Each structure stands twice: as C-alpha cells, then as structure tokens.
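One structure, pasted below without further comment.
The first chain written gets the first letter, and so on, giving A, B, C and D; residue counts start at 1 in each chain.
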Amino acid sequence: DPQERSFQERIDQGQKIEPKEWMPEGYRKTLIRQISQHAHSEIVGQLPEGNWITRAPTLERKAILLAKVQDEAGHGLYLYCAAETLGISRDEMYEQLHSGKAKYSSIFNYPTLTWADIGAIGWLVDGAAIMNQVPLQRCSYGPYSRAMIRICKEESFHQRQGFDILMKMVKGTPAQKAMVQDALNRWWWPSLMMFGPSDDASVHSAQSMAWKIKQNSNDELRQKFVDQTVPQAEYLGLTIPDPKLEWNEEKGGYDFGEPDWNEFFEVLAGNGPCNAERLGARRKAWADGAWFRDGLTAYAEKQAARRAGNEAAAE
Amino acid sequence: DPQERSFQERIDQGQKIEPKEWMPEGYRKTLIRQISQHAHSEIVGQLPEGNWITRAPTLERKAILLAKVQDEAGHGLYLYCAAETLGISRDEMYEQLHSGKAKYSSIFNYPTLTWADIGAIGWLVDGAAIMNQVPLQRCSYGPYSRAMIRICKEESFHQRQGFDILMKMVKGTPAQKAMVQDALNRWWWPSLMMFGPSDDASVHSAQSMAWKIKQNSNDELRQKFVDQTVPQAEYLGLTIPDPKLEWNEEKGGYDFGEPDWNEFFEVLAGNGPCNAERLGARRKAWADGAWFRDGLTAYAEKQAARRAGNEAAAE
Amino acid sequence: MAEATVADAAVDPTALFEFLLRMGDNTLILGHRLSEWCGHAPALEEDIALANTALDLIGQTQLWLGLAGAVEGKGRSADDLAFLRDACEFRNLLLNERPNGDFGKTLMRQFLFDAWHHLFLNALRLSSDTRIAEIAGKASKEVSYHLERSRDLVIRLGDGTAESHGRMQGALDDLWPYTGEMFMNEASDAVLAAAGVAPEPAGLKTEWDALVGETLSEATLKEPAEGYMQKGGKRGIHTEHLGYILADMQFLQRAYPGATW
Amino acid sequence: MAEATVADAAVDPTALFEFLLRMGDNTLILGHRLSEWCGHAPALEEDIALANTALDLIGQTQLWLGLAGAVEGKGRSADDLAFLRDACEFRNLLLNERPNGDFGKTLMRQFLFDAWHHLFLNALRLSSDTRIAEIAGKASKEVSYHLERSRDLVIRLGDGTAESHGRMQGALDDLWPYTGEMFMNEASDAVLAAAGVAPEPAGLKTEWDALVGETLSEATLKEPAEGYMQKGGKRGIHTEHLGYILADMQFLQRAYPGATW
C-alpha cells in the first residue's frame, strides 16, 4: 500500500502527523487507546491524592496538593482534547471508562494510607510516569507530542514536590521516618509494574515502536527508573524492599528482583484493593452529575433560541 | 353525662384507667398526643447523643453512652406500646412525626457540640425530664403510669452518669472545665424551657390536671428543677448563666430570670439550630428502610403461606 | 510579619484578632468543603474550577491567619491556628460549614458566600490597616472571579431544566437561613468600624440584596422571605458538622504533635 | 490484670500481643461502624439491636485490648491502644472497616463476621491461656446471639421481596472478597496453635463454609465463587476507610492529650 508506505516514511523522517492527515486505522486506534487510557489515569488519579487534601498536615502542603490535583485534571483535559482530534468524543471515552472497556493506570487501584503515600506517589509514581512520558514528547502524532511536552514539565515539578514531602519527613520524628519507609515498601513494586510486563515478545510493541508511538521497551524504562531511584532512596536513608537489588558494575546499572506479575494481572482484572471504589466513584460522579450537565445544555439551547427569536424579530 | 361523672370519680379516687375501659374522647386524644410526643422525643433524642458515640473519649464512656441510647430507644418502644393501647398504630404515629403534625421535645433541636454536652444532656435534660416524669408515674392511665415507673428508674441512672461525666471534666484540665461551663451556658435556658411556658392561663392544663394526666404546673416544676440544679452547679464549680439568679429566703427557693420565650417559639416553629436535620434524619431513616420492612413482611407472608400449604397437604 | 501601622495602635487587638479569625476561618472551612469534591465533580471543568477556588481560599487562609497570629502576639502561626484550635474557637459563618449536598447546593452556597465575600473584600481594600488592605486587594481579585463563575452557574442551572431549577431552588431555600449571619454585627465590629479597619457587616446588606436579588431573578429562582436566621458561628457556636471537619483536617497535627511536615 | 499462666511462658509475647490486637481491633472497629447507625436504622427494634451489639463488641474490646496491654507489658491501657495507635498499627479484618452501605450491607457484613467470630470464640474457650479462654467464654455467649440475629435477618431479607433479595445478593457479592482474610494464617499463628493458645485460622474454613452455605441457601442467595480475596488488615495494611474512622474515634484523646475523661 503506497499510502501506508509514504506514511511510514514520513514517520521515519521524524515528521509529525497532524489530525486531518491520512493515517492507518491501526495507528488511529492505538493512539486513541493509549491517549484515552492516559487521560483516564489522570482523572482517576485525582482520587487517591484527593483522599488526603482534607487531611494535609499544613496549609502550605494542602495548597500544593490542591494545585497538583488541579494540574492532573488539567492534564486529563489536554489529553481528552488530543484524543478527540482522532475522531472520538469525550463522552464516548467516559463511556468506555465507566463500562470497564477502557483501562486506566493500575497504580491508582492502590490505597493512599498515610501522608507519606502522597510523597511516595509524587516521587515514585510520577517518577515512573515521567520515565514513560519523556519519550512520548517525541511521539509521531503532533497533538499528543505537544500535550506531553506540557505535561512532562508539570510532572517533574510534582515529582520534586513529592520528594520534598519525604525529605521533610525522614528528617522528622522516628514515626514520620517509619511512615516513609512503609510507604516505600507498599509503592515500590507497584511502581515497577507501571512499565508493564517484559515486552520482548509483544508484536503490538514492535508496531508501536515503528510508528513512533512507543520508543523504548518496558524493560529499558524500568531499568532506567530503578537506576535513577535507588540513589534517591539512599539519599533519603530508606531501604528498597528488594533483597535482590544489587549494583551490577558490568552493565552499569542495578540488578533487581521480578515484580509479582500475578498481583499485576489480578489488579488489572479488577481485584486490586481499590478497583471497585475508584471506578465506582467515577461512575457515581458521572451519574450524579447528569442533571447538572443537562441543565447547562438546556440553558444553552434556551439562550440560542432566544437569540434566534431576537434576530427574527429584528428582521 | 353520668358516664363521664363516674369516670372522673374513679380518677378522683386514684383508680387507674385501663385500655379497654370507657374513657372520654378528650382524655384519649390528650393521652395519645402526650404519649406519642414523649415516644418521639426518645427516638429523636437518640440523634444528638448518637452524634458523640463514635467520638466518645474512652471505651468505658462509649459503652455507657451506647447503653444509654439503647435505653432511650427502649423507652420509645414502651411508650409507643402504651399509646397503641389507646387505638393508634405505631406507623400512624410515625406518619404524624414525619409530617410534622406530631411534635417532639424541642430540646433535641439543639446541637451537641462537645463531649461536655453529653454530660450536660444527662445532667440537665434528663434532670428536667425526670422532674416532668416523676409525677406521671401516678398518671391515671395505667399503661402510661407503668411505663413511666420503668422509665424514671433508668432516667435517674442516666442523670447520674451525665453528672459523672461533668465531675470528671471539671476536675480535669482548664480546657475541660471551660468545655463544661460552655455546655452549661448553652443548655441552661433550653432546659428551663423544657417545662413549657407559664401555664397560669391554660384551660388545657386545667383539664389535664383534673384527669390526672398532668399533676403540677409548669412553673412549679421549673422552680423545683432550678432549686435542685443550682447547688449541683455550685458543687461542680460552675456559674449558672443567669445574672438574676438569687436565693430567696422567704420562698425557700431561687429567683431566676425569664427564658427567652421568643427563642422557644422559634424552635417550636421549626427554626431551631437542628430542626431540619433531626426531622430530616428520621424521615430519611424511615424512607431508606422501607425495603427492609417490606422484605420482612414479604417473608412472613411467604412463611404463613408455606405453613398453610403444608397443613392443607397434611389434611 | 507586616509591621504595625498607625491604625492598629488605636484598635483593641482582641477585636482585631477575632476579626482576622473570622476572615481566615471562613476561607479555611469553605476551602475544606470544596476540596471534599476532588475527583467527584459532575464535569472535568468543574473539578478543575473547584480545586482552583479551594486553592485560592487556602492561600487566603494563610494570609489571614498568619496576620491573626502576628496580631495576637503569642507566637502562633497560621498552621497553629488552623490545626490546633477546637470547634468553639472557630469563627467562620455557619453557611460555610454546611455539608456539600449535591453539586447544586455546593454552587448555591458558593454564590451566596462569594457575593458577600466580594463586597466585603472590596470594602476592606480601603482599610486603615494597610496589612488588611493588602490582603484584601490580593484576595478580591481572586474572589471576583469566584463570584463571576458561581453567579453564572446559578443562573444557568436555575434557568436550565425543571430538575436543575428544582434543585437550585431547594438549595437556596435550605441555605437561606444561614445568610443572615453575614450581616449581624458583633460588639467588636463597632470598634473596628470606628477605627476604619473594617465596615460594619450590617452595612453590606443592601448591596448584597441587590446583587443576589438580581442574580436570582435572572436565574428564575424565587428569593425566600427574610425569615428566621441562624447564627452562632462568629461566636464559636457552630453546627454539629464542624467537629467532623476538624477531626479530619487536624488529624495529623493532633496525632503527631510537634512534628514538622 | 490477670496473672500469667503456665501457657504464656511458652508463647512469644509479640505473637500473643498481635493476636490480642486482632481480636480487640475487630470488635472495636465493627462496634464503631455499628454505632454510626444510631438513630438511623429502618425500625426501632433494629436501633435497639444494633446498639446492643455495638455495646457487646465495645465491652469485648475492653477485655481483649486490656489483656493485650498487659501482655505487652509497657503500661498501655485498653484506651491507650484504642485511641493512640495510627491505622498501620491496627490489626482488624478489612471486612470490619467496610462502610456501612445500606442496612442490608451492614447486616450481611455482620453475618459474615458473626459466623467466623462465633466459631473462633468457641475454639478459644479451650485456649491453654486461661485469660483468653475466660474472655472467649464471656464473649461467645453474646456472639452466639449476634449470629442468631444476623443469620435470621439474612434469611428473611434474602427470601423477602425481589428488592430485598437483590440488595442482599449485592451486599454479599461486594463483601465476599473480604471474607478470605479470616482464614489466612499469619506466621505467628503457628506459634500460637502449637502452644494451644488459639487455633490456626485456616482450620475454621470448613465449618464456616458449612454454616454460611446453609444460611445463604435458606436465604435463596447465591454463594459467590471463591475468587480473589483481599487481605492486609492483619498486617496493618488497611483500606482508605480506616483513617477516617480513627480521625473521628480518636479526636478527643488526640486533641486533649493526657486529659482524663
């Protein structure tokens, strides 16, 4: 197919694909799936962090967390807009989220149990997300690439804020330090799982790579994340909960244990600690808000009719 | 009317009237109103105290408060039963409560804002209630009289427990003592209002007195309550929030200021701090529980049908 | 903190402290209520807007309570005042601690408060106490945007569907008895007014009535009769809801005394 | 507190302490949840019954946590343990901290727990630790009544109307993944079992299955497939709900440290 060949050539040359241009159906579908999943993650991701806004320990921390959650909702908005350029509506995407057809990042199915979890999410979860997202700034699809550039800037700010929460706590009382270690113990493995299982064998991945939707293998990114994070944990005086973790001079990186992929697939299948609650909260928000959205629509229609009426009268 | 005359004679002789005996319509109506209002008060009264069960400061205090609230629900039950002997169903009484036709004691439209309020309710509100209820043990209507005998015994136990909460607190930290004084400041006047406005002029009261449904005037009981309570407040080291309060040697009792009857009538009219919430909570409990009550009824009917079927089959 | 100006010398510091608590507690408690919505709003734009409003209000809280602590002169920080006072020491309006209810009720509460907040802050920009004037100047920019937004939504939902109209009317009727407190003068208000620090609350009623009345009329909502008004918040006599708000809000500071975060 | 018996000498006090926390935290947290219903139940008889059950559970908490404090030997009272630990130190089953939901869900949670509680307490009456046997003896009388009641209501509502059936089935399906934790052995359980202090949790599964299965069948409810089971409570990894429970429950002790009540 010459159309597909020329499409691939443009990608190979590093050109951006823009909304109204021709693209293979698979490219469109893959992007819609990936961008909407990313958008859903931002939205669902408000819930675990929102859980601690009302209990933030100082006014300053409360303000920072509010600003962060607001940013995340904003990221959701950019991403839904980017996906809409591919010919799907935001309501359709919500529908897929609510029906369970579309996924969101499994990490948000874990609970936030202490204030240290808010720090750990910033440090580890945003850290892993950035690792995934930095290459996406160079994604072949223009609107997605531009959204990611904006998002990455804010995410790295969030990551620093998360690290700062933990810095303050490890310098605090023994109870605070224990809280941080406990948070690391609970978030470490789920963070490693954020990169997905090893993708050596995935055809899916190969195609995404060729299309420059995906640029690195899951294992590469995971390795990079571990190598970046271990020294930070040491700086905080924390112990990574992995007895197999060890510096490997030869490869210039850390060796580390295998995450419990059984747990990963259980969470993916809906059996995580908070799946039912997260999805339930989103469904309820949507259902409870129907009257609100309908009210605004009705008002807009009335206003349009009034304007039309006025114009007709003026003629 | 000879029937009415002989009825009055029996009452004058101190005889008890029992459910199936003849009684004047007015007597029946007055009793239904009074007993159901009293029952509703016990039920609604669960709410302000229930507000602190989850926050009781020790396990012991939590257990005592649970037991107390349970007793109150039990009192509600006796009283509804007593009222039912007069030919009204419990559901009809609920309906009157929920529609606002029947009243409950206005005192429960005030909020419980601190743990000291739980003490103050026991000491002052139960204290005032007992003052009202003790004479009712000699009420001419048998079932009501017997219910009151049982209730008064438990109430005076509750009153001692309330006083004990406050005793402990006034011996505690300055903050605890301030909490107690604050509670007294808020509950003093509403407690005095529990006896109702001065009833010099009320024809209603005169008839109730003749029927031995009511045995003392509101002002008599209020005076008795003040005379009993002031020394207790002194014992606790508290100041009664009434600048006019003064011992009157001549009458052998205290002189005291006039409650703000304007406030009383506002609360009665539905404008107290918690009227909407109290009645709303009861209505919601009833509405939300409809499926539960219907389920039990349906099961009972099925069981009856099964028994009938089995009997028929056995014949 | 800011330095003392000529005006404060004349003003009873207790009256000033109480006044600043009222300002800061209003923003703190309403900010708390709004943040309870996080992730549960009926549209993504609303999640963003609520978080933004809450953020503004918490920022204002830092300023008002910071100044309150400075005026008190006992070394209490804004955080100490926010996290280590019990309910009876809070001075916010009862309106601001009302439960969120549905989104319409949250918006109506916001509008009724914003309208007052906007007018009051505007007046405070002329305060003889430059510290107050400065905070009011910063806050009033934020709040005029809050008002623009809540007013607009009240109109659109009031004049939307029958259901949205009914919900907004219900919210208005429920919340109305909590609006009177905004205009009740406390003893200390005369002192502050005489010193030019802050206007007497009662003086704002006419303007508020006009602003609210006009909005409700455009929203096709029926303004309730004046009626009985609830009060107590400004004197520390709150509703049963505030205790639960504080139990959550203050948990960490209470459970880990002296820790820094 | 009770004196040491022969049995304790042989048992790791940490294992025993953990075990006693599990017992006491289960009753404390479930008692808390039940008391949230106060005044809101669908019938007056239910208000009375729930308050009564909560009262029993709080009484049992005093005994279990009192003994836990004695075993720990650091001078902590039952109240210290109830009111001054943070969530990660709590050892209750996740099931018991689940939100109340509607009354059917509250009843189903109660039944699933009562069935286990009843069987476990019965076994504990034979504990080699006489202090435990004594508490179990007292508690099991109360709990067999709880079970009788919750079992009866589950049957009547399951086999009631279509709506009550649907609600009970929904409650069962929602809560089922939280039942597996009751039968998961922790490392310390083998130690306790070897010393005859307490049976290993896994050993009660068959009896519980039979009791629950028979009840559900009589209730015309469909027992869910075994499926994935949630866990964590026994190790202090809870749901997001526990923090809010504790914020309320512990408020006074946290806000007024050292005060006596």
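Quick note on the criterion: a contact is a pair of C-beta atoms (placed from the backbone, for glycine too) under 8 Å apart; a residue touches a chain by one contact, two chains touch by 3 or more.
Chain by chain, the UniProt names read as follows: C, D = Phenylacetic acid degradation protein.
As the structure is a computational prediction, the values presented were derived from the model and not from experiment.
Using the contact threshold fixed earlier, the set of chains in contact with both chain A and chain D is C. Pairs A-C and B-C differ in how many C-beta pairs touch across them, and the larger number is found at A-C.
With centres computed as the average of Cα coordinates, no chain lies farther from chain A than B. The mean-CA centres of chain C and chain D are about 43 angstrom from one another, to the nearest whole unit. Note on chain placement: the centre of chain B and the centre of chain C lie 37 Å apart, centres being C-alpha means. Per-chain Cα centroids separate chain A from chain B by 57 Å. Among the residues of chain C, those touching two or more other chains are numbered 86, 243, 247-248, 251. Residue positions of chain A with contacts to 2 or more other chains are 55, 175.
Which chains touch which is summed up as A-C, A-D, B-C, B-D, C-D. Put simply, chain B touches chain D in their complex at residues 43-44, 46-47, 49-50, 53-63, 66-67, 69-70, 73-74, 76-77, 80, 115, 165, 168-169, 172-173, 175-176, 281-282, 284-286, 288-300, 302.
Those residues of chain C whose C-beta lies close enough to touch chain D in the complex are 86, 243-244, 246-248, 250-251, 254-255, 257.
Of all the residues in chain D, the ones that touch chain B in their complex are 28, 31-32, 35-36, 38-48, 51-52, 54-55, 58-59, 61-62, 65, 78-79, 82-83, 102-104, 155-157, 159-161, 163-165, 167, 245, 248-249, 251-253, 256, 258-261. Per the touch definition, chain A reaches chain D in the complex via residues 48, 51, 55, 111-114, 175, 179, 182, 186, 266, 269, 271, 273-274, 276-277. Only residues 86-88, 174, 177, 227-228, 230, 232, 237-240, 243, 247 of chain C touch chain B when the two sit together in their complex.
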